[in-house]
Every structure is written in C-alpha cells, then in structure tokens.
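In the two complexes that follow, chain A is the common piece, with chain B as its partner first and chain C second.
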Partner chain A sequence: MRKLFQGKNLIYTIGVLALMVVSVVFIRVPLPTISLPAEHIPGWSIAGFPITNTIIATLLADITVLLIGLLAVRKMKDVPEGFLQNIMEWVVEIFDGMLTDIGGKKKARAWLPMFLTILLFLLFANWWELVPGFDSIGVMEPVEVAYAKTGVTTGYETTSILGMSSLVSDQVKLTEEEQAEIKAEAKHAEEAGEEYHPHEAKGYILIPYFRAAATDLNLTIGLALMVVVLSHIIGFRTVGVKYIRRFAMPVITGMKPIDIIVGILELFSEFAKIISLAFRLFGNIFSGQILLFVMAFLLAFLLPLPFMALELFVGFMQAFVFAILTFIYFEQATHSHAGDEHH
Partner chain B sequence: MDALGINGPFLLAQIVNFVILYLLLSRLVFPPLLKMLDERKQKIAEGLTAAEVARQEAEAERAQLMNQLEQERAEAQRRIAAASTQAEKVKAEILASAQKEAEEIKVKAKLEAEAEKQRILADAEKQIAELTMLATERVVRLGMDQSLQHKLIEDFLSETSLN
Partner chain C sequence: MIEILAPALAIGLGAIGPGIGIGLLVMGALQAMGRNPEFAGEIRTNMILGIVFAESIAIYALVVALLLLFVGAPGLAG
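Then we have the complex of A and B:
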C-alpha cells in the first residue's frame, strides 16, 4: 500500500484519482434506454424480417466459436504447440471427464458435442457483452419514433465528439401534449401506409448494433425448448413407449390412481424446466447488463471494473449451468421410471 | 408476449442457428479433438507399459550382473586364499630344508673336527713315541738290540695310550 505513493507509482495514483474526479465532474455517461425486447436496428432487414441487435450478437458468437474451434483443429499436432489447440483440448478433456463421472463413458461421448456447443456458444455470447462498443455503438433514433414504437419518453441530447455523434447525459422528456401529438401523427402515418417521421427530433435514444445475445428471450426460450424436447426424444428412443408412463397415462398403462397426480406433477415439471432454463440465463445476463450500465452511469471509470470481472464469472457460470443441466436432463430421460419394471 | 419480445420467427431463427452451429462443431471440431485426446491417452499408456517393461528388463540384467560380479569376487578370494596357503607351504618347506642343511653342515663340521682331533692326537702320539724312543734309546743305547727296543716302545705306547 505504501508503495502506491512512491516514485513512479505516485504519478499513476494521482493520474487515476484525477481521472476519477474528471469522470465524476465532466464525463457523464447517459443511462441507456433499457428495453426488454431486443431492439430492431432501424433500416436493417432481411426478406422483410427486421434484424435485432441480439441476432447480430448471436451471429458474432457463432463466428467466434467456429473460428476458435476450426483454428484449434487446423494443423493439430500430437505434441500440442498452439495456444488454441491446447486450450480446446483442455476444455474438451475437463468436460469429457466431468460428464463421464455423471453419466458414464457412453452417454458422455454421445452428448459431449451438445454440451460443449451450448457451453462455448453461451460463453462467448455472454462474454462479448464485456467488449467495449457492445451496447454503446449504434444508431441514433429520435425519441419520438421510439415513443411511437415502444412508449419510451426519455431521450438524450446529442453532441459531436471527434466527428461522431454521441449522446450526452442531458435528458429530454416528452411532455404529455407532445406524446398525444406523436400518437396522432403516428396513427395518421400508419393509416397512410408510411413510416412515421417526426418533423423535428427533440432528443435521441441509442439503438446499439450489439446487445448480449442471451438478453433476448427468443434465444433462451428457444434453446430451453430445444433441450427439453430433445430430452423427450432421447427418452422415447432409449426407454421406448414406456417412457409415457412417467406422465399420467393410467388408462393406457393401468397405473395406480396416485400415479395420475405424480404424472401431472411430472408434466408440470417439464414446463418448469423450460421456464427455469430460459429465465435463469436471461435474468442473469440481462441483470448483469443493467448492472454494468448503472455502474458506468454512476462513475464512468474504475467503478465498473469489479463488476465486469463479476460478469466474466457470471457469463461462464450461466453457460456452464445451462450446458450441465442439458446433460442432466438428457441423462434423466434415459432412466426408465423406478420400480415400474419389476411390478 | 410482445412486451417480453418473444416472437415466433425469431425464436425459430435462434433454434435453427443453434442447430447449424451444433452440426458444424460436432462434425468439424469435436471429433478431431476427441480423436487426438484418445490417441494421445493410448500412446501415453503404451509408453508407460513399455517403460515398465524396460525397467524390469534393466532390473533383471542388473541383478544378473551383480550375481556375476559376486561370483567373480568369490573366485578371486578363493584364488588368493589358495595362493596364500601355497606360499605358506613353500615357506615351511624352505625353512625345513634350510634347517636340515644347517644341521647337516653342523654334523659334518663336528665330524671333521673330530677327525682332525683324532689325527692331531695320533700325530702327537707318534711324536711322543718317537721322542720317547729317542730318549729311551739314549738311556739304553748299549744294552738292547733293535727288536727289544721296539718291544719296549710298543709296551710303553700301549701303556701310555692316549686313547
């Protein structure tokens, strides 16, 4: 601690403290407009489908995983030299061992690719959020348009820094009259089959090009749905028709009445699986994103750093939890229901 | 649903995206990695077995060499012991022969000395006899002939024999 105030370090210390003071007094980061659905990037569409910023982030994560994977297996050597080959081998070996401990060698090998794909995809999808520019580079949209689309009433004034237009922390709020006026104009434009454009933008909001992929419920629910459906397919393929027994089918299988209730619970738990998988991932990453926004808003420098480290961990943890739960659901589906076989 | 941003086509697009990613990764990336890991594991296991075999062989060879060395050492010990007893024997023989020789020399010297003594004594006796004869001759020159004379001398000599 004492060394912090000696020689060269003293200069750094003073510099950092000065940066903090400057950031508190002069540099105010506006709090981004937080929207639960992924934002459509204005003017971008493929075959009539709007492109959202989470889709761009998803593709970015895809490319990252594929690139790392393909570079790791290109020119593989028996005595590994490249960093990528080493680290990928390490990852594969660790999780191969872990899955073998849980489900045995055969199941581990069967589902390791699914496990690793989920893990790596979500890992990079989550970690991209920490790269500068994510959530902060994008398209300026007039607050009036944003209000017409999503009901946002708070925009920011803009300034130009190094030729780039940037939001400043001065807020612009739409008054009630303005809101009513925009509503009327938007309705009018819609009836005329045109896009609504305000005459004059009072303020702007930022629609970032990139937003963490897992902050889009379409991704998390899509994955969860796929995983749970796959687990049932696996169940049918390994256990056979008897797999239905775990859900209430007393008429077909002649089970005891209590099994009806157990079956109903099981049925509900399948939906709970989808919901919990999807919302755990979504909630953690979305709240992490907001946490980083708020920290940067409070103090632009230094303060967000520990939270970024936390998000690094959370990003890995959520990817791992999703992947390991997938494996466990698959594994559970292959168990024929206890006792039924020997009645 | 709209407030949450859940939207059928997007959801489907995400699933399709994931499936494509899964197919690509599970075809192109994971099989070579797993193959490499398994092969390396097998190689290491083989290497370890080979090393164990080599170690055991070396151990056996070393034991054999030690055994041989031990045998040779024992042999050398035995030879040294044999040579030593041999030398002891030779020494004893030499000593014995030397003693014997010395004894012989001693005996021979004694005999010679005895002979010399006898000879000297005989000489002395003879001279004494001659001297006695001379003396006697002088005494009895006239009265005795030669034969009597000799007889007297003989008598005298036999009486005064030094033996």
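Then we have the complex of A and C:
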C-alpha cells in the first residue's frame, strides 16, 4: 500500500483517481433501455421475418466457432506446430479425459463432438458480450416509436461526437398527455396501413446491432429442447422399445403401482430438464448483462473491470455446465431400466 | 406499490435457500480440503460445479423477478 504513493506510482495513482473523478462528472453513461425480448432492428427483415439483434450475435458466434475450427486444421501435422492447433488439441484432450471419467471411453468418443460444439458455441456467444461495441452501437429510435411498440417512456437526448450521434445521460420522459397523443396517432397510422412516425422526436433510445445471444429465450429454449429430444432418440436407439418403460406407460403389463408413480415423476422431470437448462443459461447471461450496464452507469471508468472478469468466468462456467449436462442426459438415457433384469 | 414489491420479494426470498446451500457446500469442501490437501484441486473443481448448480436456483428466482420487472404479470396493478 505504501508503494502506491511513492515516485512514479504516485503519478499513476493520481492520474487514475483524476480520471475517475472526470468520468463521474463529465462522462456520464446513460442506462440502456433494458427489454426482455430481443429488439427488432428497424428496417431489417428477411422474407417478412424481422431480424433481431440476438440473431446477428448468434451468427457471429457461429462464424467464430467455424473459423477457429477451420483455421486449427488448415495445416494439420502429427506433431502440432501452429498455435491454434496446439490449443485445440489441448482442449479436446482435457474434455476427452473428463468425459471418459464420467461415461467411459466408448461414450466419450461418441458424444465428444456434440459436447465440444455446444461448449465452444456457448462460450463464444457469452464472451462476445464483453467486446466493446456490443450493446452500444446501433440504430437510434425515437422514444415515441418505442412507446407505441413496447411502452417505453424514458428516452435520452442526443449529441454529436465526431460526426456520429450518441446518447447523453439527460433523460427525457413522456408525459401522460403525450402518451395519450402517441397512442391515438399510432392507432390512426395503423388504420391507414402506414408505419407510425412522430412529427418531432423528443428523445431517442438505442437499438443495438448486437446483443449477447443467450439473452434471448428463443436460443436457450431451442438448445435445451434439442438436447432433451436428442437424448430420447439416443435412448430409443440403444435401449430399444423398452426405453418407454421408464415413463411408466400403464399399457405395459406387469408393472407394480410404485413403478407408475416413479414413471410419472420421470415424465415430469423431462420437462423440468428443458426448463432448468434454458433458464439457467438465460438468467445468468441476462443478469450479467444488466450488471455490466448498471456498473457502467454508476461509474464508467474502471468500476466495470472486475465485473467483466466475473462475466468471463460466468460465461465459461455456464457454457461448461450446459455441455456437461448434455453429456450426462445422453449417458442416463442409455442406461436400461433398473428393473429390467427381474421382469 | 405491489408491482415494486413483487420482484423484490421474488429475488429476496428466492436467494435465501441457495445462500444457505452454497454456504454448506463450501463448508464441506473446505473441511475436505483441510483433511486431505493433496486432493484440493479435484475438490475445488467439484465445489465450483456444485456452487453453479445451487446458484442456478437463485437465478430462477432472478428470472422471475426480471420478468415481473420488465414484462409484468397479469393481475398485478400497473
């Protein structure tokens, strides 16, 4: 602690503190308008389907995984030389060992590609969130239009920096009369079959081009559904028709009453699997995003740094947990029913 | 009033259980590490995995709170 206030370090310390004070006074970051569903980017659509910012982020994560995979095997050698090939071999070896510990060599080899695909995809999808420009570059939308669409009442004033417009932290709130007026005008425009445009924008909100892919429930529920359905397909292929027995289909004779109750519980646990997988990922990444927003809003300089480190960890952990649970569900599906031997 | 209280109660009450759970989990892991320090690495990995699972229960409560905050619930005033 004493060294901080001696010689060169003193200058750095004072500099950092001065920057913090300056950032508090002059560089106020507006709190972004947080919306649970992904925002449609105005004017972007393919064949009538609106493009949301999470779709773009998902494609970005896809491209990252593909590029890294392709670059790693471009000049493949028996003794790896390139940086990427070394890294990828290390990753594959670590997780191959881990899966072998859980499910044995045969299962590990069979499902390692699936495991690593989910892991790497979610890892990059989560880590892209920390790159500057995510959640902060986008289209300005008048707050009136946003109110007509989603009911947002708070916008921000804009300023021009280096020829680009930027939000400033001065809030603009729509009054009750204005809200009623916008409602009437939007209804009028809808009846005429036109898009609603305000005469004069009072304030703006930002619709970013990129938003972390896992903050969209469509992605997480889709992935969870895919994993659970796939686990049943794998179960049917390895165990056969007997696989249905674990869900206590009463049509199968020779079952004790306890089996039926256990089976109903099993059936419910399948739906719980989907929900828990989807909401764990969504909740962690979405709350992390809000945490970063709020920290940047409180103090734009230096304060978000430790939270970014935390998000780096959370992003990896959630990707890993999702992937390892996928493997465990697959592994459980291949166990034959415990009572099979007695029947 | 209730629309402010509802998300606060959802996350506040929902965090109690996982908080106790994570405390117990880390206590067990630390005791195990103290008894056999040679397995500390392995125990730590499993501890973090367990913490993530316990924490996800709090995250479900958080999701409910966020839903109440940003989407609202039918029947809630405002």
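By our rule, the second predicted complex is superposed on the first by the 340 of 343 C-alpha atoms of A that agree within 3 Å, B and C clash if a C-alpha of one lies under 4 Å from a C-alpha of the other, contacts with A are read in each partner's own complex, and residues count from 1 in each chain.
Heads up, the rule we're going with is that a contact is a pair of C-beta atoms (placed from the backbone, for glycine too) under 8 Å apart; a residue touches a chain by one contact, two chains touch by 3 or more.
From a predicted model like this one, the values you see are computed outputs, not experimental measurements.
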Checklist entry - Where does A:Leu219 make contact in the superposed view: on chain B (first), on chain C (second), on both, or on neither? => result first
Checklist entry - If you stack the two complexes on chain A, which partner ends up touching A:Leu123: first (chain B), second (chain C), both, or neither? => result neither
Next on the checklist: With both structures fitted on chain A, tell me whether chain B or chain C touches more of chain A's residues.
Outcome noted: B
Checklist entry - Looking at the overlay, does A:Leu36 come into contact with chain B only (first), chain C only (second), both, or neither? => result both
Checklist entry - After lining up the shared chain so the two structures overlap, which partner does A:Asp78 touch, if you call chain B first and chain C second: first, second, both or neither? => result first
Next on the checklist: Between chain B and chain C, whom does A:Ser287 touch in the aligned arrangement: first, second, both, or neither?
Outcome noted: second
Checklist entry - Does the superposition put A:Val152 against chain B (first), chain C (second), both, or neither? => result neither
Item to check | Touching partner for A:Leu112 - first (chain B), second (chain C), both, neither | outcome: first
Next on the checklist: Contact-wise, after the overlay, does A:Val228 reach chain B, chain C, both or neither (first, second, both, neither)?
Outcome noted: neither
Next on the checklist: Let me check the overlay on chain A: which residues of chain A are in contact with chain B and also with chain C?
Outcome noted: 36
Checklist outcome for this item: chain A partner, complex, touching residues on chain B are 2-7, 9-15, 17-22, 24-26, 28-30, 32-34, 36-37, 39-40, 43
Checklist entry - Inside the complex, what are the residues of chain C that reach chain A? => result 48-49, 52-53, 56, 59-60, 62-63, 66-67, 70-71
Checklist entry - Once bound in the complex, which stretches of chain A touch chain C? => result 34-36, 276, 279-280, 282-284, 286-287, 290, 317-318, 321, 324
Item to check | Parts of chain A lying in touch with chain B, wherever the complex brings them together | outcome: 36-38, 49, 52, 55, 58-59, 62, 65-66, 69-70, 72-73, 76, 78, 88-89, 92-93, 96, 109, 112-114, 116-117, 120-121, 216-219, 221-223, 225-226
